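A, B, C and D are the chain letters, set down in written order, and residue numbers restart from 1 in every chain.
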Amino acid sequence: MTGSSFGKLFKVTIWGESHGPAVGMVLEGCPAGLKIDIADVQRELNRRRPGQSSITTNREEKDQVIFLSGLFEEITTGAPISAMVENKDQRSQDYEHLEKSYRPSHADFTYQEKYGLRDYRGGGRSSARETVGRVIAGSIAKQFLKTFGIEIIAWASQIGEIVMPDQDQKEISYEQVESNIVRCPDIKTAKKMQKLIEQVRSEGDTIGGIISCRLKGVPSGLGEPVFDKLHADLGKAMLSINAVKGFEYGKGFSCVSLKGSEHNDIFIFDQESKKIKTEKNDSGGIQGGISNGMDINFRVAFKPVSTLMKVQRSIDDEGKEKEIKGKGRHDPCVIPRAIPIVEAMAALTLADHILRNRSSKL
Amino acid sequence: MTGSSFGKLFKVTIWGESHGPAVGMVLEGCPAGLKIDIADVQRELNRRRPGQSSITTNREEKDQVIFLSGLFEEITTGAPISAMVENKDQRSQDYEHLEKSYRPSHADFTYQEKYGLRDYRGGGRSSARETVGRVIAGSIAKQFLKTFGIEIIAWASQIGEIVMPDQDQKEISYEQVESNIVRCPDIKTAKKMQKLIEQVRSEGDTIGGIISCRLKGVPSGLGEPVFDKLHADLGKAMLSINAVKGFEYGKGFSCVSLKGSEHNDIFIFDQESKKIKTEKNDSGGIQGGISNGMDINFRVAFKPVSTLMKVQRSIDDEGKEKEIKGKGRHDPCVIPRAIPIVEAMAALTLADHILRNRSSKL
Amino acid sequence: MTGSSFGKLFKVTIWGESHGPAVGMVLEGCPAGLKIDIADVQRELNRRRPGQSSITTNREEKDQVIFLSGLFEEITTGAPISAMVENKDQRSQDYEHLEKSYRPSHADFTYQEKYGLRDYRGGGRSSARETVGRVIAGSIAKQFLKTFGIEIIAWASQIGEIVMPDQDQKEISYEQVESNIVRCPDIKTAKKMQKLIEQVRSEGDTIGGIISCRLKGVPSGLGEPVFDKLHADLGKAMLSINAVKGFEYGKGFSCVSLKGSEHNDIFIFDQESKKIKTEKNDSGGIQGGISNGMDINFRVAFKPVSTLMKVQRSIDDEGKEKEIKGKGRHDPCVIPRAIPIVEAMAALTLADHILRNRSSKL
Amino acid sequence: MTGSSFGKLFKVTIWGESHGPAVGMVLEGCPAGLKIDIADVQRELNRRRPGQSSITTNREEKDQVIFLSGLFEEITTGAPISAMVENKDQRSQDYEHLEKSYRPSHADFTYQEKYGLRDYRGGGRSSARETVGRVIAGSIAKQFLKTFGIEIIAWASQIGEIVMPDQDQKEISYEQVESNIVRCPDIKTAKKMQKLIEQVRSEGDTIGGIISCRLKGVPSGLGEPVFDKLHADLGKAMLSINAVKGFEYGKGFSCVSLKGSEHNDIFIFDQESKKIKTEKNDSGGIQGGISNGMDINFRVAFKPVSTLMKVQRSIDDEGKEKEIKGKGRHDPCVIPRAIPIVEAMAALTLADHILRNRSSKL
């Protein structure tokens, strides 16, 4: 299993299982001289943490970050940054009935096939608990990006069939996103979304959704031609998050029915900023795989959570039919807690490309 | 620019510009002992080649593959395989008017920003002519995959608003796909699609579309947890292709409005094959980032080609407004020629993961 | 700083500073299904640990290993293995006088130049305390190699001018090496070496030496042509250890004055084992960068430790002259404690090449 | 076989066999904006080329470089640089007798073991003909380094037992090295060396030697802590060259018998240059794995060439004894032609570390 690292120069390696002693990360390549605001790292972890609101799982984890290396007087030294969070509120007994069963649409079966054995407690390595490491690394990346004036903002743009209206036209702030537990910046929509989540939870069921993300202040020139296009790396970053089924940027899937003359984005010279811009930014801030200085926009589709609090049919490892019902503590909708994860992965992708771009010119 | 390599163990490096002497690739990591059918490599290049039909560009390139290393009596030796195609029918004069202009929705501006200079002839490195290298490598990967019984099949599933009906329920063969120049296996739909492409071309315009792809016979266990999930690597592979704006697998974006009880894929024991399967394969053949032995299904959204054969507004490198009209020879729709490229990238991704999976168990 | 990872498939990432809370490692790519003997990991750490004998530093660290992930019931699951050792006996005040001074032949100056700041306590990241991580990972690698019948044995072959005689002709066992605190398998030589080390220590001085290493039971076929030759990767592994100044394998530097007819190693067919061997193994077990099935032999040169317990001239960060005298607790000779480190790095190199070799053939 | 790439950011991939159509390289990551002197690339190839003098093989190859991509008006664009040299003077029939035989101390046996088949003509991939690609890439790297004022100079410092005296104390120039066909800057020594080479050749035999190399003008700060120390990467680069058996830097193996008080390199403040330097540079320009701004010195040991023009015993692939005599055209001593290869590999290592160092600080 060598897929636990992300990035070439700003490179994070994630470790840990749902029911092991801790989860954590090692971040290599963060340049020396960055002052780390540890309270800010903790704040991002709190946005991801279980038990944070009435519509998330009630597994109770404080998720307190512990830094183990790479900082000297809270400033990065260039050495690898190691940090972790201890697992406190495991209830492994909730999973004993799964030792020999495969939960539908989970990774139980495929891990067993791949490795010949598995840590079945809470999904083991396949649990989204590994995203703690992503959020720690991502929050350091965000602090690095802030020194360049880059800001990352993600929000709940769709839950089930409830869609936030006119998102592309609006300025969206962190405060708006954090103003409610769904993390939808439009309060009216947020209320409807919350109601829907509460309803599916009461049925023992779950629901899918879409997270939109906007990257502001990204300089032109990020992204590497051919395979490591900026949107290709962003896409991979997002698709690597548990439960993600689709990624699109700019006009995305909706551009397939457009003509070139409708979709093309005309260059203009903006007299005010004295910069070259495009008229509509339908390109989504990236052209030929390289950022053009405009806002970068993308959308990420999440499936409904697979663990249900009602009975489902399944089979055991000998192929015999049996019934399964979730005993752990689970989210009815992944969107609210996935928002800091989307931001973290976007931050890691941008930070890596900023470092890679340092070698573009002589 | 270090983004020209793809894969960790089955690893291709692509080189070449649209108007340079040649385009090509070096493939490292193909295991020794594979008999290469060179005619088959050429056939794949012919499917990608310009001028192949009435609805593609009429740049006339034979695209004859030349192997330079890595084969001994047409068998792979384990050494890097180097191969190239010479550029014959360049017309660099078609591009001289672009030396100081930025074509809308092209990479002219972003390359200039990133590198401080650019080869403006035919888009230089940003031209889709680099995909010659992908197709050569991909066709070797396909031959490698065939030894495991894996088959890859892609087709035009949507052009503009014309959608092929009931695709998911149908068996689709290579012969059906190749039966028409649009490469849509449903003849009735193909005819409509062809008509639409001809119409937009006559207007000097272009049109977008969707390519669907199915991977058959993939063994369970491919894909690495956390960041290098199989669908994350497939997604990156697809998003790296010129003009791609979105990727989804399984139910994709449509699953966001489903409940868990609707979307979950129940495991069953198939008495006939004595294998564990899922009832609906809504997971798209991948669970927890690892293949489960079912068909893998994904869809790729392509924007309309940016070069129009009609006048567009733009600006030059000093920000002055000017009009631009395509003089080169261009495709009105990228879908028919992109199909072998989608297949090639899928093949490279799978081949890499087959080799990576060899280290999963003791 | 992205140089803290070693290996492509069996890949370790090391973190930690001399005076931070802990030092540790994350090991990715260890195949699933390996039973880990944790007591054995601890035993290797004990061989490296400070304060283990009268001729090592008396910094007192128990160096107790803590496993944080990757094992389930002490068996590897394929997930990254995270482990660490807490730093207990730091005396940071011993280093305060170095905040603005550069110790001769240390990394103080170069770190300051590279990063613009440094953790000066105990050398920070440049301290050999990071080798704790190497030894943990290496001992897991050794256990992996044991399943293939591979054994690694290193020993003190020279301290100062005292050379162990006739080493190449002798079988050398782990027990012999561990029979004395110098770790020289020849007791008579070991005594002389110990006396020399005690003498230089009493002078406040230090002394260099050579570690020889033999890899037994290595199958033929390991190593990748051209750049990743087996001995090139072994050489890099050894040269990456603190204080190493040279590496040679087979006949090494002594072969430069030989003729081809003297040095060439004639192939023979060994009737007993029914295997192809060479007459003298002057090639050192590697030909064309690939193991040939014979014992692999190499030698590593270590400089005398730079920290002296006597006064040395130096300068501060403003270029002013000042006198420096080691206040920390330091080794008079690095050889005895470096032996498990050499073995660890050899084990990591071999483990990586065993996994890489799995893709050589179809 | 994935060992054909070198470097992380300034990254070359080498391809080609001794008796295939061509040998070449793809260089990724060379920054845009570097004017390439192609005549200079050719001059380096001429220094490596067979048949250049009376003491090298008389295989007659012009080795004319052909650039295929990455340059626009002879300036790097940031795109991968592809270049090759065609093989013209192969005589494959010279090798037919080796199809089933293993030449002593060659890679015939180990390639067969690793891959199950091999291209036996001229050693195939194991032939030093692959170094053409290294020299092309290395000469581009040298031109890149020149923009930073870095100069690389290597020379024959020992052939057999003939050693050039007082090398460390002397300034050595490219002109002195190129003043004779042995490439020893001391004319008197060079004559003795040439005589020795001619003598062993007349016996059908070969002889080993040492190449010394000095890197001048290297800025402080290059090299990455822990595993990718500058000398570890230089060591790997050198050990990857055919026939190399050892590497040392600074005082190398000779420092093992020194005391710390003898070996330590005292820092001084050089009033003239206003820079911090060391008194003796016994560290060889690198401390803690990072360059300190002084000259970097290292030495590389080459074994005698294995192919002899006289009869040797060996065995065939069934283990039967047979006699072998070199029929190809071979060098009696590898040193004169290996000097540009040592320089090329040093240049590639430095260029890579210059780019990597760009991410050290904020």
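Everything that follows uses one rule, which is that contacts are C-beta pairs under 8 Å (C-beta built on N, C-alpha and C of every residue); 3 or more make two chains touch, one makes a residue touch a chain.
On a predicted model such as this, the values are computed, not experimentally measured, just so you know.
The chains that touch both chain C and chain D are A, B.
Chain centres here are C-alpha means, and the one lying farthest from chain C is B.
Between the Cα centres of chain A and chain C there is a gap of 39 Å.
Averaged Cα coordinates give chain A a centre that lies 46 Å from the centre of chain D.
Contacts with at least two other chains are made by residues 1-2, 4-5, 8-9, 14, 29, 32-33, 78-79, 114-116, 125, 225, 359-361 of chain C.
Across the complex, chain C is touched by residues 1-6, 8, 14, 102, 104-107, 109-111, 113-116, 125-126, 130, 158, 160-161, 200, 203, 205-210, 220-221, 223-229, 231-233, 235-236, 239-240, 242, 245-253, 255-269, 276, 278, 282-284, 286-293, 301-308, 310, 312-315, 319-321, 356-357, 359-361 of chain D.
Interface residues of chain C, counted against chain A in their complex, comprise 1-2, 4-5, 9, 11, 13-17, 20-24, 26, 28-29, 32-33, 66-70, 72, 75, 77-82, 84, 114-119, 124-125.
In the complex of the two chains, the chain C residues touching chain B come out as 8-10, 29, 31-34, 78-79, 144, 147, 225, 355, 358-362.
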